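Got a structure for you, questions after.
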Amino acid sequence: ERGSDGELKILYYQAVSTLNAYLSSGTKDVEVGSLVLEPLAGFDQNGQLFPRLAAEIPTLENGGVAADLTSITWKLKDGLLWSDGTPVTSADVKFTWEYCTHPEGGCAQSAKYEGIKSIDTPDDQTVVVNFEGPKPYPYQPFTGGTAPILQKAQFEACLGAAAASCTEPNSKPIGTGPFMVTDFKVNDVVTLAANPNYRDPEKPAFATVTVKGGGDALAAASAVMETGEFDYAWNTQINPEQQAQMAAGGKGQFVNAFGTLVERIEINMTDPSADLPEGERSTVKHPHPIFSDARVRQALSMAIDRNVLVEVGYGGAGRPTCNLVPAPAEYASDNTGCLTQDIEGAKKLLADAGWTDTDGDGIVDKDGKKLSIVYQTTVNPVRQDFQALVKGWWNEIGIEVELKSIDPGVFFGGDAGSPDTFQKFYADVEMYANNFDGTDPEPYMSQYLCNKIPGPDNQWQGENVNRFCDPAYDAMVKELSGTAEPAKRAELVKKLNDMLTKDSNVVIPLVDRGRFSAQSNTIDRFIMNSWDTELWNAQDWVRVK
Amino acid sequence: MLTFTLRRLLTAIPTLLLISLVIFLLVDFAPGSPMSDIPLTVPPEVRQKMMAALGADQPVMVRYLLWLKQFFIVEPQYALDAAFGTNFADGAQRIISWQSKVPVFQLIGERLPQTLTVVGTAYLIGILVALPIGIYSAYRQYSWFDQAGTFFAMAGFSVPTFFTGNVLILIFAIKLGWFPTIYDTNLSVMDWDSFVKMIKQMALPVTVLALFNAAEISRYTRSSVLENLNQDYVRTARAKGMTERTVLLKHVMRNSLIPVVTVIALGMPTVFGGAIVTEQIFKINGIGAALIGAIHVSDLPTVQTITFIFAVLIVVFNLIADILYGILDPRIRYD
Amino acid sequence: MLDAEPKPLVQVRNLKMYFPIHSGLMRRHSGDVKAVDDVSFEIRQGETLGLVGESGCGKSTVGRAILRLYEPTAGSVVIDGDEVPALSAEALRKKRPVMQMVFQDPQASLNPRMTVADIIREPLDEHTTLSRDEKLARVYELMDQVGLNRAFANRYPYAFSGGQRQRIGIARALALNPKFIVCDEPIAALDVSIQAQVVNLLEDLQERLGLTYLFISHDLSMVRHIADRVAVMYLGQIAEISPRDALYARPLHPYAEALLSAVPEPDPSREGARQRIILRGDVPSPANPPRGCNFCTRCPKVMPICREVEPRLIEAEPGRQVACHLVNPSPG
Amino acid sequence: MTDAPRLEKPRSQWRDVWVQFRQHRGAMAALFLFLLLAAFVVVGPMIWRIDPNFIDPDPVKMIRLRNRPPSWDHPLGTDQLGRDILARMMFGGRISLAVGTVAMLVAIFIGTTIGVLAGYFRRADGLLMRLTDMFLALPLLPLLLVMMMLFAEATAAVVGPRLGTFLLIVLAIGVTSWMHAARIVRGEVLALKEREFVLAARSIGTPARRIILRHILPNVLSPVLVAATLGIAAAIITESVLSFLGLGFPPDFPTWGRLLYDGIDVIRTYPERVIWPGLAISLTVLSVNYIGDGLRDALDPRIRGR
Amino acid sequence: MPDGAKPVLEVRGLKTVFRTRSGEVHAVNDVSFSLRPGELLGVVGESGSGKSVTMMSLIGLLPSPPADVCGGQVLLGGTDLLKARPEELRKVRGARIGFVFQDPMTSLNPVFTVGSQIMEPLRVHKGMSKPEAEARAVELLELVGIPDARKRLKSYPHQFSGGMRQRVMIAIALACDPEVLIADEPTTALDVTIQAQILELVKELRQKLGMAIIWITHDLGVIAGIADRVMVMYGGQVAEQGPVREVFGQPQHPYTRALLRTIPKLSGAREGRLAAIEGQPPILSAAPTACPFAARCAHAFDRCRTENPARRGVDGLPVGAGHDVACHWTAPAPSEAAHA
């Protein structure tokens, strides 16, 4: 029964800064925002679309998706109300599209709405999305926690440049979700109450929700697992020893689910040498003098023991992987070759490539040049442990490694003026994690196209940080974008994945990182989800009596 | 005294302007971008647009002047409007946080209360503990009390707060479970229960900060009292037949407290700075936590504004210290 | 004095030394401490001029301004033929050996971190090109001269008594064979039993080296002992300059008279009989001197004119200059 | 003059200071402790020859070596990667002490220079003191962060990443902590300037440069010395705060502050990982502070007399 | 000056030692003297001779440690102050014995008004109410010659000149009509003209109030002008003591004689060369076993270096009553000394 279970206390240690997913896209903001704002359809724990505001999922079969793949028609559920009691209409949906695609708005999710030509609203319940061309995967717009529907009435004045200064709507959006905001303290705490107009009169079970921010993962885990101060803590990524100890606390349990986030080492295919003039460093002008030889790249991968990395760094929150796309299952290639370490094999490969230790100092060399590389990543305890371990193994096969750790704000900041961004890649190898939104890997695979290589002419804004460039790959991506049939798509994605990993070792996947959160034993009906927000079914949660 | 105060105020203005420029530029030059927090799934073009929407692509000087105007003109107008229901601001653009898209001053307004309660209480307790210890230590110089007091004071400011804080959390919050580990900023004292809760959650951070403050202030008090104990007027007071109590608590105290009070005033802003670490340890979402958070995501307007407010605080408390000195010391008061 | 007067070694004309006072909102220059206000006198070769007066009347300032340790506000100072205030920095440095100073506080005037030899050698380092050994020889010579045991050369000042410290200061002043020495209360900080040692030494040196002294002191009996002529200062100005015996026998200026009468004498029989002139009140502030005669606020013989017109220093009797309307009835 | 001096042997005043210093029991104990700590980090690695960054490359051995409790092979146990904690403590101590000392030297050098200039030259005073005030009014933490970020690459390019970070941290701490010394020195110089021996030097014709070198500087030595000891303590703390906020040395470069920061993550399971570096920092800072306190007493003639 | 009257204050064999870390200082050694009602006793001696320490020992003003008043008796109206409990001693201070210190600039508390500082002893010792104390304070200020007294009560010390502050100090010392006033170099820091004012004031007050005064000074001239008797101290001991005229006229101790000769005269014939006392005052690191002046004495002989001379009467009267001296040497005929 609605509101019968009192208060729900949730901990997001990275505090919520806005509830409008279009202005932040920080996972924490999107997730907490999803308690209030909903998309037309969401993803369940298996990555399957299920209707939220929509009456059903449009498909080719039921005619919701046009046969030529150029449009999709959504129908809203009947009698939907915003939390202020006004009806939800197709105008709101259309407005949401306009809001996010306004050129001055700086919408963080505008990628979701790419390729839309127009949106028609033949009636209050119907939304027709027309694409510029055929879309084999037409479910990008209005699905998942990152693309919720805004209330037109509330956000009408917030279009374009006004978006950021619309403080009141951004922090207290009117939504259709199970809860509505009663108080919002930026980067600190959000209090919510059950939405009286929620479509299911029995839900939610909790009368109020407090989403608290601040602290770190360890404290968050402890607050659920040890002290029981909170019911649920998001992203309690802590080291395995701690996990074991916390679990012994008996007040809660860790929940995990694996998605597409992969911690990987990216190899620079161009020369990052500081001797090159600025503007030519790490550009396609100069191929990497060592890594141009695929055997060296493979040796690097073989020397790594991914099981140890998982055991040291992630415990239950990770598993070793050889794939760039480890999920959804239909897309995952069955690579396991890299999972066993092979130091001797790596040494042999190096020797085959001409790298031998001629002067006996433990470091291999070739043509009088030592094999010495710079290995960078962000400041983060787990990554530093990884660095130390990997460095040890690489030393073992005779490679000299210099470690560098960069403030994540700089590394991921993309500031063209800074030498330390991951796109500039002024190092030989770098390590970070990346994933893709939703369940469709196509945009993810197209990051490795030749024309996405960052460089001075595009202000280092490309996504192809390895500077990998293979016409065969580019052709295959093109093929993918024209293929609608799921099985065929999966086949192509697997091939692309293998080209980058197993075949060329341009990307060395290490760990498939799952979502890892802590849940109190007093909460029931919680289902972990790695395809949508973790709070996707908060309306169903109940307290154990 | 009045001209002195006015003069100090006048000289403070160019200093503040200069500081504002330095802070603005320094923070701005720092590498890092407001986009670092955005997931890598967001493509570069989108990022570019987001930057533009924030005005982050404007030249530094333009942003500085705008910020200056917002800080000194627009924000006070909004403050007036909020207080008196006027409409001076007339919808002018406020300083907006890049990360959370709310006015930075609103954010500060939300954060200040918890910082002030914790820091203020800790400072107050620190002072109340420090003064008697300092005075008695000086009075009984080299006694065991003095030695012990010296040791604790030394230890107080030698042991970093992040060490003591974490050890205290481990023992009292986790092992013994006496105190909560997460500070509840929504808690307001309404009744006895919430009061007890408040006390509980403040206990550890206040202890740590108070210990640190007490250490410093007690050392100051001690040396100031020692200095005054050797003054001729103390001998005069004794020669007049005053009791030791009167000599110490009236004559010596009053003189010794003059420098101590100014040190206390000067210490206020540094305590805010020290609170950054304390807030970090005890998970208090105060102003220090806001600053660190903003630094981590390169939320420049927030960093610049909070940093500059700290600078203003320092300058203001310097001024207060000077004025207090004048008020307490008649030799200066009558100049 | 003698008819064939020796040429004056030091000639001070209308010396003024004002210290500016800044006040108000903008720290504007709002007034001056008139520490020395229009002082003129001369000192002949080989002579000792005593300069007496109460604390704060500007004695030290006169001494320092003459040696250009302060930049005088106005006036001329000629020492041994050179116009000191007009000298360039380098010329002044060259001139320094001629004029030296002995300071009041023997403790404060010696750098506590230098040995005696270093202290005495400093002027030699600055102004001569002697070798190390030559300098050391000169240091020893100077120590002998002022009666310091050579064995003390490597000690630090704190290991000496006040009298000995003052000797070190004198040795330093003598190092460059000066002609003129300003002694700024050289004995004020010393015990009675030690004072005589220092005064005797100064007298001996003057006799041996033909030195010229400006002897600043507030001890009138000691000034009587050492000085040939005495200038009495009051609030930045000279009240009277007279030959010693004449002054002590019959002071002309009412201030000089009161000052003399205020000095107690260590002779009970005479003390009982002396007529004291007790001055009322305190010395006014030099930042805000009274109109007319400086002394008019305390003068027992004050006349209406004193509050209006400033008396000028005029030769009242041969060799005696006085600034008082009583003595110089004609104003102007 | 009340105490008639003994005229026997010339004693250097540093001996006096030492004699007085020895009276301060706390400071003597602290000196002993400090020397012990210094020996631990300087001599220690020569005896305990384990590479602080050594990780067994054999994963099986590595896993077995992780998180060991104290044993003969590893007296303080091993960390989560099987590195020897004793060796890391020694190495970290070296860096921490070096940071403290060098940063202090930088701060003292800047502070003394500015203090002397401001105190001695009236005309420079206003400007330099404004500058000092401004630095005092700048919130240092953000400033430090910015400096670290701004110049990291530049210094690393010139002297290599490790030395680069070291120099940068040291410089950053030094450049943001000289103000106190400058104020003290300025005050002392202002007072010294009025002392008669400076006037005496002027009357001799000693130029300003030599007056400063010969008369002023040696006499500001004692306050500077005290400021220096306290500066070491402050610098060590600052470095560890930086590390605590995750902005100090890189993780493969253990300093006490860094070790403590890393230890906090595992404080529940291995509290000693926090205790050891925390204790080391605290004891070092405590002993240095005590030494400073003792020095202050020993150098203060007013107290020395008593 | 009633010669035979019972002394108000009698000090016998006072000994004070400072036990410092750098050794002992025997600052006062076996000092005895007495003070008759209404009498003004001048105490002279060079710096460090123990004048101040003697007087402060009397009423326990020395900080202990390091000071240790380890011997003797101080009889004030029959009670021994050295045996008094601290509380009793406190009641004597300011009430029965007033104290005036050398430096008027630092002896007053800068942060309290002059009035409150004068009223303090009145309220503590006399239990006066505030208005009573205020009335008395005005009276006192008028007594010491501060015009516009009522208004000046509200002033702070820094608003007064040195001479006026010393007057305030005197007013404080006189507040409770003490039997004894001890003035420790009250005019040393002042100018001669101001000193003359203060001396005049003291003479006047003596006539009006008639208390006994101990006046410490360096300046023999001051003593000559106001004292009845004089006590010359050297090296923590009494070197010579007696009526002013006798001590100045026929000094018996070589130190007194030398001291008188080092001072140039203000009138009369001008002496050629001053007679300096060579050498240094003694270091008092041990109890004396010889005459402390022996090292500097022109007349010293063997006995002086082995035996500390006891005080002996010069004019036949017992020690303390008339003129006495602590010296092994016998001074030649008075006429000779006067002309030396």
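Per-chain numbering from 1; labels A, B, C, D and E assigned in written order.
Throughout what follows, contacts are C-beta pairs under 8 Å (C-beta built on N, C-alpha and C of every residue); 3 or more make two chains touch, one makes a residue touch a chain.
Predicted model only: the values in this text are computed from it and were never measured.
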{"item": "Chain hops separating chain E from chain C, counting only touching neighbours", "value": "1"}
{"item": "Centroid comparison with chain E (C-alpha atoms), farthest chain", "value": "A"}
{"item": "Chain whose Cα centroid lies at the greatest distance from that of chain C", "value": "A"}
{"item": "Maximum inter-chain contact count - chain pair", "value": "A-B"}
{"item": "Gap in Å, rounded to a whole number, between the CA centres of chain E and chain B", "value": "55"}
{"item": "Chain centre separation (chain D, chain E; CA means) in Å", "value": "53"}
{"item": "Centre-to-centre distance between chain B and chain A (centres being mean Cα positions), rounded to whole Å", "value": "39"}
{"item": "Whole-Å gap separating chain B and chain D, where each centre is the average of the chain's CA atoms", "value": "25"}
{"item": "Of all residues in chain E, the ones touching two or more other chains", "value": "47, 280-281"}
{"item": "Multi-partner residues of chain C (each touching 2 or more other chains)", "value": "161, 191"}
{"item": "Multi-partner residues of chain A (at least 2 other chains)", "value": "222, 407, 410, 420"}
{"item": "Chain B-touching residues of chain D, taken from the complex the two chains share", "value": "25-26, 130, 133-134, 136-143, 145-146, 149-150, 233, 237, 240-241, 244-245, 260, 264, 267-268, 271, 274-275, 278, 281-282, 285-286, 289-290, 293, 302"}
{"item": "Contact set on chain A toward chain B in their complex", "value": "11, 15, 17-18, 20, 23-27, 103-111, 161, 163-167, 170-171, 183, 185-189, 191, 210, 212-215, 219, 222-223, 226-227, 229-230, 407-415, 417-418, 420, 432, 434-437, 443-444, 458, 461-463"}
{"item": "Footprint of chain C on chain D - complex, ascending", "value": "1, 4-7, 10-13, 195-197, 199-207, 210, 214-215, 218-219, 221"}
{"item": "Chain B - residues contacting chain D, complex", "value": "15, 18-19, 22-23, 26-27, 29-32, 147, 150-151, 154-155, 157-160, 162-163, 166-167, 170, 174, 230, 273, 276-277, 280, 291-292, 295, 303, 307, 310-311, 314-315, 318"}
{"item": "Chain E residues touching chain B - in the complex, by the definition given at the top", "value": "59, 61, 90-95, 98-99, 101, 103, 106-112, 120-121, 124-125, 156, 158-159, 169, 172-173"}
